[in-house]
Amino acid sequence: MSENNIKMNGNGTHKSAGTPKIGFYVCHCGHNIASQVDVEDVQKFAAGLPGVTISRDYKYMCSDPGQELIQKDIKELGLNRIVVASCSPLLHEHTFRKAAEKAGLNPYFFHMVNIRENVSWVHDNRESATKKAKDLTRAAIQRVFFHKPLEKKSVPINPDVLIVGGGIAGITAALTIANAGKHVYLVEREPTIGGHMAMFDKTFPTLDCAACILTPKMSSVKAHPNITLWTYSEVEKVEGFVGNYKVQVKRKPRYVIEELCVGCMECIDACIYKEAKYPDEFNQKLSKRKPIYIPFPQATPQVVLFDPETCIDFKSHRCKKTCIESCDRKAIDLKQVPEYKDINVGTVILSTGFKTYNAELSPQYGYGKYPNVYTSLEIERLVNASGPTSGEIVTRDGIKPKSVGIIHCVGSRDQKAHKWCSKVCCMYSLKLAHLIKEHTDAEVYNFYIDMRTPGKGYEEFYDKLMTEGVHFVRGRVAEVSDWALVPEEENKLTIRVEDTMVGMVRRIPVDMVVLAVGLEPREDAGDMRRLFNISCSNEGWFLERHPKLAPVNTFTDGIFIAGACQGPKDIPDSVAQAGAAAAEVLSLISAGSIELEPNTAFITEDNCSGCKSCIPICPYTAISYNEGTKKAYINEALCKGCGTCVAACPSGSITQNLFDDEEIFSEIDGLLKFAGIELEETEAEHA
Amino acid sequence: MPEKNIKSNYEPKIVAFFCNWCTYTAADLAGVSRLKYAPNVRVIRIMCSGRVDPQFILQAFASGADGVLIGGCHPGDCHYAEGNYKMLRRFRLLKRMLKDLGIADERLRLEWISASEGEKVKLVINEMVEQVKALGPLAIPQHLKNINEELKHFPGEEIREEEMAHA
Amino acid sequence: MERSIYAESFALDVTAKDRLDTRRKIKYESELDKTFSNRIAESAHGEQLFGCIQCGTCSAACPVSHYMDYTPRKIIQMVREGFKEEVLKSSTVWLCASCYACTVECPKGIKITDVMYALKREAISGNYYPKNAPASILANNFFKQVLNNGRNSEGPLLMKMYLKTNPFMLLKNMMLGIKLFTRGRISMKTEKIRDKKALKKLLNSVESKKKILSAGKPADVKEAAV
Amino acid sequence: MKYIYYPGCSLKSTGRVYEESLLSVMDVLNIDYKELDDWNCCGATAYMAVDDRKAYVLAARNLALAEEQMKNEPEVNIIAPCAACFMVLLKTQKFLEENPEDKAAVVAALKESGLNYTGRAKVRHPLDVLVNDYGEAEIIKRITKPLKGIRVASYYGCQTVRPYSVFDDQRNPETMDRLMKAAGAEVVDWSMKTRCCGASLTGTVQDVALPLSYVIVHEAKKRRADAVATACPLCQFNLECYQTDMNSKFKSDLKIDVLYFTQLLGIALGIEPKKLGMNRLFTEPENLYKILEGGNRVYV
């Protein structure tokens, strides 16, 4: 492709770009690039390339002076192409495009070269790094010849919002968005919203009662005109893209008509089961419930539901159904079937929360083997006034414990379980120590590796605990066992630990052991991920776009994440993220539309032979066949710009903006100039 | 392609097509985590691995690349649902064709690398550079040049200049 | 059942009864062996020991840690920081019965038992082991016996060990020896394999590449100044 | 399936009872086995403490011998009853797999003495063979005198189940419990199954090791077990032969039968006591016989 007769073929609708006058700018990025890449050498090298009018290097291209440099050159030298060699386009492509646009140049006459993340940060040989930077620069400069002026494509945003997961994060986001006057669909899988927080008695570090600060929010969600609350429901299918998602929600049957039931619970008393027989999931199976039940007194919506597995009428259909007679509002309907609702929303917030580590996977602590070993979530229910023992802390055989051992880091910071620290267990263990001490005045031991109290008021809470006489033993427990060495260990659980501060092994007999289990992703995180087309980190948490600068965004526009589904965090952080996600959603809605990359594909009619091989290729069914003209054509609104059809078209009649064949061929040629002449590696043309 | 005795300081040139959503982001992650790997790979960013046209790969080899690496999302993770499956189909056919052209198997490689696998980018690149270095240069432009030289002395055969310039 | 079903559970080492123990308890960096940690890590294939978070699970899992002068956790830290003398002279190395409880329980996956073996090897090759410590004598005699005969004969081995370390034990265990002997569960015959010479050649043809310690003879290691 | 039997040094002396009972059980169950010809000591804990390279080549020689003597068998399954041998052979295989450089040195050394080590051999423990290969159902069919009324505390020791063995759970194993149940005995639930018995320390530093063994038999007694079933010559030796020393040191009068699980299984299979090495035990297990004849316990 000899350089001089470059054809300038845009799609004909723009003013002619004339011969290319390229401005090239290489950035030092402080030392990030300059330390490994000889930026002056690259600047000189670019100056010698054909079509380059001006070539500069500058310390911080993305800074305002850096951008003004470009704008001044565009105006004074009449540049019609800009190439900047600096960091990743994912970071600052947007910044430089805006700068070019402000100077009157079409933003798509700009191209970026990644010589930081792909070069200086990953190579330690300065000479080969500089050589690579030069190749990438030459490729970009040859590519930018073929850039065409494009207009941004804007897509309207449907103002309705879908929030999946009704924990504290989901509730906060729903209220914030609803108060802004936008309509929210809040979908929750459990029969009630409230998530894990509804199970707690107190919250750290202020010891606020969880129910007191949560139930008002739950009832305002129920009462809010802008929120459609669908509990006991799950998302089945999701289609579309930012601005217009088509979502199908499956509403599992409660066998109770929600609108009629007022939660008087007459039917529960009238059930033929005189006393509760089945393990109550909400109370972590510490108590029993009937086949017809309500998760907990302040459940929202305050509606009962049937458990088809345990209600005998679903098996034998011969139950006297005393429950139906007892309900004067005729709210019970045992013929209910799953209902599928199709909704259209513009944005989605995922706040599906976490799961606690299954303590049985650490057999050395004896959970499941010794009855008096509990998980922290079980203790949260025991200590709760509306819990199975209405706040009394008693072991499974009913005695008040005189000594309790709380073991930190169960399932966390452990190669055989989870490598990560679950962030909240130290603080909630301190809270549980306080509550247990308060309720039973027992000897309380906390076995920790590092006491992590990183929040506001957290360290002060730890001080308070120490003065209350809780024993803090620094050491990771190796074993909880039931055999005694000395008389006081008889029929007690003995905790074997090295008190590393004293440097001696101790055997501490206790009546009750509490395992501070860590946090892990929910089992179905994988399916949720595929449903919403977002990615997960290696451990299984939802992956944010940028850990520091975009923690609630995902790589998919329009889908946001908040709360523990993105990683272990406590309530204050979850609420903060919920607010951030709500703000992101509201900013999209108030903008009314979103500008999409104009990288859609289009078909040049006269080349198309009507072979239809591209039609099945498109996952968004954006290509259709025009019987009249016997040609295929692409609906620009549906095309997402993946380019798969462009590569598949046998006659090459489909072209794609921003990633056109010519642009990529020129990039390949630029990268490999002088390559392949394996004997004399000439750099003749290098000026 | 007879095995030549490879010059000791021979550095293979590898062109890589990384999909914007997964592998390109993973390469950025490798950069942010300062993982060090061989400098022989030049990355071209495309929106989806489905965009990689077999012609790009052939053009890369023809322009002097010693190896081509394609990075896409894991099956099921593609931002556009199926782009990577389409790429896999083309890749299988192209591999067979390259074998017929006498281009060694290790010179073309397809890897599924998700956005969080920065480490894998480093491992794949280092491994591929070693393999291609062991194979030695492909140097197709050099062979084309030699062929054109020979054809020039072929009596009576008239070769147009432009074609020569293309090499 | 008396107070504790076995030995005193808590005994601080209060040796100097009549005067305060004012021995200097400081270690200058120059007195540490900075290469010790890498050597042990490489010899035990246990590079992970640098990832130890000092949580103490190994000491708690170890059935004999309460008899050791340094708990396994302390030993790992001392190996990491180069306290070569204290580690190689400690009882921990020789009390370890290689039951692998620590290796299984360690949350960082450190092969602690293999580190203890590496320390045993260092102690023997640098002859740091306490002179009459039976464990190291047993190991050496066991090694020579199998090197020569290909099999170990428990009778002769125990006899030689007790004679070398503590003949009184021989008397104490005499009853036990007779009981075993009369039941045919011990014999004084030395067991042998057929081609002993081939085995000896085989064993001598292989050398553990970690033999550089022979340079650091204990003689030239200056005693820590009191 | 054909097995090759690797006894190890202690099964020829202090652990002879284990060999006698295991071989007679395998004969009755007609499991096809033959002893590894000219086997050598596995090096146990001593070799690893002196020179690890020599330790690996010493153990690898046995593996090479087994591969040689089972050349034309589809699989090479070595039965290593003693816990130390079992663990050392497994560790050698795993180590050589993970360290090609060491493996090359060992293979080269073995080649010089005409042996070849490939790593094909599978190291098996009798518990694994009896429960997983042979199967409990098959064993139950052959039980003639079920151990009705006998309460057995199954004790696995340390190296039988960790760290390299994979046939059972490392913290809460149950293959021996299943075997004892198959033999008709009642199994005691206790948490000392994998706690170390003191191993070679009883010979070297007795005042450290004795309490370890004492705690185990004490707990078994407390759980009203009639017998402790063991699977390693050193555990059996420590728990049985030092009971008199324990009683004098801890001023207790504890007496409990400690046998190999193969002996208990042998009795249930109707093998006569002499072939199970019962006469070699320090104390005739009178309790055991009394209960089997329907009488009541002699000592509690």
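Read from first to last, the chains carry the letters A, B, C and D; within each, the first residue is number 1.
In this text, contacts are C-beta pairs under 8 Å (C-beta built on N, C-alpha and C of every residue); 3 or more make two chains touch, one makes a residue touch a chain.
Source: prediction; values computed, not measured.
K.L.:
Under the document's definition of touching, what chains do chain A and chain C have as common neighbours?
P.N.:
Both-contact set = D.
K.L.:
Applying the document's contact definition, name the chain pair with more C-beta pairs in contact, A-D or C-D.
P.N.:
Top pair by contacting C-beta pairs is C-D.
K.L.:
When the C-alpha atoms of chain A and chain D are each averaged to a single point, how far apart are the two points in Å?
P.N.:
Chain centres of chain A and chain D, defined by C-alpha means, are spaced 52 Å apart.
K.L.:
Based only on mean CA positions, could you tell me how far chain C sits from chain D in angstrom?
P.N.:
Chain centres of chain C and chain D, defined by C-alpha means, are spaced 25 Å apart.
K.L.:
Averaging only over C-alpha atoms, locate the centres of chain A and chain B and give their separation in whole Å.
P.N.:
The mean C-alpha positions of chain A and chain B differ by 34 Å.
K.L.:
What is the distance, in whole Å, between the centres of chain B and chain D, each centre taken as the mean of its C-alpha atoms?
P.N.:
Centre-to-centre distance between chain B and chain D: 58 Å.
K.L.:
Would you give the residues of chain D that are in contact with at least 2 other chains, written as numbers and ranges?
P.N.:
Only 171, 215 qualify.
K.L.:
Going by the touch rule set out above, which residues of chain C reach two or more other chains?
P.N.:
Within chain C, the residues that touch at least two other chains are 1, 5-6, 101.
K.L.:
Determine which chains touch and list them pairwise.
P.N.:
Contact pairs between chains: A-B, A-C, A-D, C-D.
K.L.:
What residues on chain A touch chain C, complex-wise?
P.N.:
364, 409, 413-416, 449-450, 474-479, 485-487, 496-500, 503-505
K.L.:
Which residues of chain B touch chain A in the complex?
P.N.:
7, 10-11, 13, 15, 20-22, 24-25, 27-28, 30-32, 34-37, 39, 42-48, 50-56, 59-60, 63-66, 73, 76-77, 79-83, 86, 90, 114-117, 122, 137-142, 145, 165-166
K.L.:
In the complex, go through chain D and note every residue touching chain C.
P.N.:
Its residues touching chain C are 9-10, 12-17, 38-41, 43-54, 57-58, 61, 87, 95, 98-99, 105-106, 109-110, 112-113, 158-159, 162-163, 170-171, 194-196, 198-201, 203-212, 214-215, 218, 241-242, 249-252, 279-282.
K.L.:
Hey, which residues of chain A end up touching chain B in the complex?
P.N.:
1-2, 88-90, 114, 116-119, 121-125, 128-129, 131-132, 135-136, 139, 530, 533, 535-538, 543, 555-556, 599, 617, 619-620, 640-644, 646-648, 656, 659, 661, 664-665, 667-669, 671-672, 674-679
K.L.:
Please give the residue numbers of chain D that touch chain A in the complex, ascending.
P.N.:
169, 171-172, 190-192, 215, 219, 222
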